[in-house]
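Structures given as structure tokens follow.
The same subunit A turns up in both complexes below, where it pairs with subunit B and then with subunit C.
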Partner chain A sequence: MSLLELKNVSYTYGAGTPFEITAIKNINLTIEKGSFVGIIGHTGSGKSTLVQHFNALLKPTEGQVLLNGEDINRSKHSAHEARFKVGLCFQYPEYQLFETTVYKDIAFGPTNMGLSEEEIKARVLEAAEFVGLTDELLNKSPFELSGGEKRRAAIAGIIAMRPEVLVLDEPTAGLDPSGRKKILSMICEYREKTDSTVIIVSHSMEDVAAIADKIIVMNKGQVYKYADVHEIFAHSGELASLGLEVPPVTNIFLKLKEMGLNIRTDIYTKDQAEKELLRYLQKEGIAW
Partner chain B sequence: MRGTDTKENLIPIIEFKNACFSYDSEDMGAELSPAVKDINLTIYRGEFVAVLGHNGSGKSTIAKMTNAILRPTSGKVFVEGMDTSDEELEIKIRQLVGLVFQNPDNQIVSTIVEEDVAFGPENLGVPPAEIRQRVDEALKTVGMFEYRFHEPHKLSGGQKQRVAIAGILAMKTDCIVLDEPTAMLDPVGRREVIGTIKRLNKELGITVVLVTHFMDEAVLADRIIVMNDGTIVKDGTPAEVFSDVKTIKESGLELPIGANMAERLKKSGINLGKGILTAEDFATAFSQFVVNNR
Partner chain C sequence: MVRDITIGQYFPGNSVLHNADPRLKLVLSFVSIVFVFVCNNFYSLALVLAFTVVAVLSSRISLKVILKGLRPMLLLLIFTSALQLFYNKQGTELFVSRFITITTGGIFTTIFMVVRIICLVLLSSLLTYTTSPTQLTDGIERLLSPLKVFGLKNGVHTLAMMMTIALRFIPTLIDEIDKITNAQKARGANFETGGIVQRAKALLPIFIPLLVNSFRHAFELSLAMSARCYNGGEGRTRMKQLKLAARDYVLMAAEFIFVGGVIALNIIFESVI
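Up next is the complex of A and B:
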């Protein structure tokens, strides 16, 4: 079932001025309910402009954005509602923490939704649990937290609104390997438990390949490709031609192929890689 | 560098001697554990050293101690024999060791690229004619000369970082210390910055200390230092460091892709040999293995 639908959406920054730039043009796409979508593309490809249309932060210059079949920009009220239904977490969200306690910061969204004190509390605690913040941390100032904890607190603030769609822009940027793993497994767990739709924008092909079901490849303000992860990485050479990276593990197979080995190149996770390498050795009669 | 020369031929540029640092020492009342403890480390001229460690392991603290932004709370840090605890030597020390930070937007001081690069030498009192020459040269070295009249805030992240590096080059520093310079960049920006860093080291002989989270950047160095819990837990060539899988895992790090896959195959009884780090290394070793065992 389609949850979010973009119809012929274009957006021009500074329309009517000498600095006019069309950031995205003629976008048509459908995000299915419950799907896990990764958006990739290099800087300036229109990724961030695109996701800001999902919750009416930007209003398309042309075209329509439909949530559950209804145009989110049809009225001020519907645009306002969309902010709660589609939770958008920006890049480096920890810079946007501002309250005196972590609790109040997470409660900011639900409070704006006009919920009861009791309901707010339930949601803050639930969101904190999802991201692995202890009760003790909730009473601290957000500025006393470590970098990774701050980021998780910021994400909790979005989750606490119980959005139908969770959109995360570069959730792992700047984190160390274990911080990255923690955030990614947290997102996967959240999705499993809530059955919600998750969209993640990332430069890290490795992260996207490991967790998403479908991928949108943005290029020059347009959707270059929108397909299952497997389908996207079946053409890894194409991604490279767009200036995009392929997952590091895919590189191994592209190189082996170049060296003349008859091996698959549509490999994008380490587990797949191990299997394929062993399969190859078996086929060649080297291992058994 | 290391491995080819013997240690006696190497000239130290930065020396940590039993250096400790705690953030609670000055104005914070709270008791905090020391950020780095009893560090003994010598960086030699011309080396390319990568420093790895998880968030909070003390690697940024070490970076800031190399040019007297932070001074040891006990022990000593010397730059070319000069004690960083001596405030009178501060300017001389910063002329030798320059720091590049993580966030490109926090390092811009001017509205024109070339003025930004001139900021350092101006403060050192370098004569104007020489500043002109140094700025042009530095911008050419990092490949940003054609952007000299641009506004820095309109550049991409990778370009901003290269301008920051040019600002340090214009001070004619012998050593550049970069604290996660690519953490906020996209893949293209990362490639630009890492390419520049490599060139500075290999072509100009500038000593490079690169603090990073990215294993694929660390493998480019001559030497890797792994930090955990405020101490150095490993110091060696990339091949040496990444063959110690236990320490890498305990330090919250991961293996570079080639080493990771080689390790996985080893568990299935397939030994591709030592020193496999990158995707390239792995592909070469794997195809060789196939030829040898067919």
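Up next is the complex of A and C:
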């Protein structure tokens, strides 16, 4: 069932001024309920502008955004409601923490929803558990946490609203490899446990390819391709030509192909790589 | 909404005013503004207006921008003119009724005030429109450099550096306000409804992160500056030396004519205000 649908959506910054820039053009998309979608694209390809339409932070200059079949921009109230149904976590969310304790900061969203005290508590504790924040940390000031902990606290602030769709804009930006892994596995776990729809925006495919099941490739403000991950990688050469960072393992296979080997290039995980290499070696009769 | 403010903004260009020495521009706009208030009859007021128009035209900044800069003044102008018009009791009475009396004094003061405020805003915004923040602080630093005599050795430079940094960070902070506002809106923050107290409270989630981030920027910047061995103004040379060119003398001459004209017209014709 389609959960989120964009119909001919275009957005122009500073319309009517000399600084007019069309950020996204004529976007048509359907996000299925329960799917895990990655949005990738070069800097300035319109990814961030696109996701801000999902929760009515930006109103399309042209076109419609439908959530569960209803236009979210039909009234001020519906736009406000959409913020809770589509939880959007911005880039570097740790710079938006403001409360005196981590607990209160996570509770900010649920409080704005007008929930009861008990309900808020249940949600905060649940969200904190998802992101792996201990009770002890909940009573600290958010400014005392480490960088990775702050990031997780900020994401918990969105999860606590129990959104139908969780949208994360570059959730791993600026983190070290172990921090990245932690965040990504946390997102996977969250999705398995809640069956919710998750959308991840990233400029690096490596993060997204391993966990998402569908990928939207953005280029120059338009949807270049929207398909299952394996289908996207069937054209991995094209992605590289768009200036996108393909995963290192895909790069190796692209290079091998370039060297004249008759080998597949739609490889994006280590397991696939192993299988394909073994297949190739066997076929060529090289003993292993 | 924050982006609509044009006062203090710089619009790059290549006009007589853009290329003039910033020190000269500072002095000339100060003198011009003083003379906006010196004029006391309609002839000198007309000269002031003409001078301002010529200055605006010679900046080659689009009139759209100029008018947009004036728009915030509209309310103030209407409000003060109404007050002057109805409550000024000087001069001969023109219209008398039970509630309002309109006098020639009221009308004259209103005209003078409107023209003066508009010229004041235009002349002072022209300075920032045509001068980049770095040039501006450079100019201020050089103009204030005589203060070094009074034992303010590093003070003038420090002040100028502080101003440069402050101006440099305005766009950064505006950007940040935008981002934080959106992030809090995404969590359902509501800035549009409720009473004054509630609205002020709703701004806390924006101001606290903004303050924290400003400190972060400040620490990072100070680290970057000391990493490049910055240690104040002493012995510091500059990349661009300010030197008055021929075109600056032309501007200066124009200003002298303007000042002389206002004084002469003030003497020749009777003061009306």
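Here is the rule we use: the second predicted complex is superposed on the first by the 286 of 288 C-alpha atoms of A that agree within 3 Å, B and C clash if a C-alpha of one lies under 4 Å from a C-alpha of the other, contacts with A are read in each partner's own complex, and residues count from 1 in each chain.
Here is the rule we go by: a residue touches a chain if its C-beta (ideal position, glycine included) is under 8 Å from a C-beta of that chain, and two chains touch if they have at least 3 such contacts.
Here the structure is a predicted model, which is why all the values come from computation and not from measurement.
Novice: Could you say whether A:Asn8 touches subunit B, subunit C, both of them, or neither, answering first, second, both or neither?
Specialist: A:Asn8 contacts neither subunit B nor subunit C.
Novice: With the two complexes superposed on chain A, say which partner A:Tyr95 touches: subunit B (first), subunit C (second), both, or neither.
Specialist: A:Tyr95 contacts subunit C only, not subunit B.
Novice: May I ask you to decide whether A:Asn55 touches subunit B, subunit C, both, or neither, giving the answer as first, second, both or neither?
Specialist: Once the two structures are laid over each other on A, A:Asn55 reaches subunit C alone.
Novice: A:Ser185 contacts which: subunit B (first), subunit C (second), both, neither?
Specialist: neither
Novice: Applying the document's definition of touch, where does A:Asn28 land relative to subunit B and subunit C: first, second, both, or neither?
Specialist: neither
Novice: Using the superposition on chain A described above, determine whether A:Ser141 touches subunit B (first), subunit C (second), both, or neither.
Specialist: In the superposition, A:Ser141 touches no partner, neither subunit B nor subunit C.
Novice: What's your read, subunit B or subunit C touching more residues of subunit A?
Specialist: Of subunit B and subunit C, B contacts more residues of subunit A.
Novice: Have a look at where A:Ser75 lands relative to subunit B and subunit C in the superposition and call it first, second, both or neither.
Specialist: neither
Novice: On subunit A, what residues does subunit B touch that subunit C touches as well?
Specialist: Common to the two interfaces on subunit A: nothing.
Novice: Considering the complex alone, what residue numbers of subunit A touch subunit B?
Specialist: 42-43, 92, 146-148, 173-179, 203, 243-245, 248-249, 251-252, 255-256, 258-261, 270, 273-274, 277-278, 280-281, 284-287
Novice: Which part of subunit A faces subunit C closely enough to touch in the complex?
Specialist: Listed in rising order, the residues of subunit A that touch subunit C are 52, 55, 57, 76, 80, 83-84, 87-90, 93, 95-98, 108-109, 112-113, 143, 157-158, 161.
Novice: Could you pull out which subunit B residues touch subunit A in their complex?
Specialist: Residues of subunit B touching subunit A: 53-56, 102, 156-157, 180, 183-184, 186-189, 213, 215-216, 252-254, 257-258, 260-261, 264-265, 268-270, 279-280, 282-284, 286-287, 289-290, 293-294.
Novice: For a test of understanding, state which residues of subunit C touch subunit A in their complex under the given definition.
Specialist: For this pair, the touching residues of subunit C are 176, 179-180, 182-190, 192, 204-205, 208-209, 212-213.
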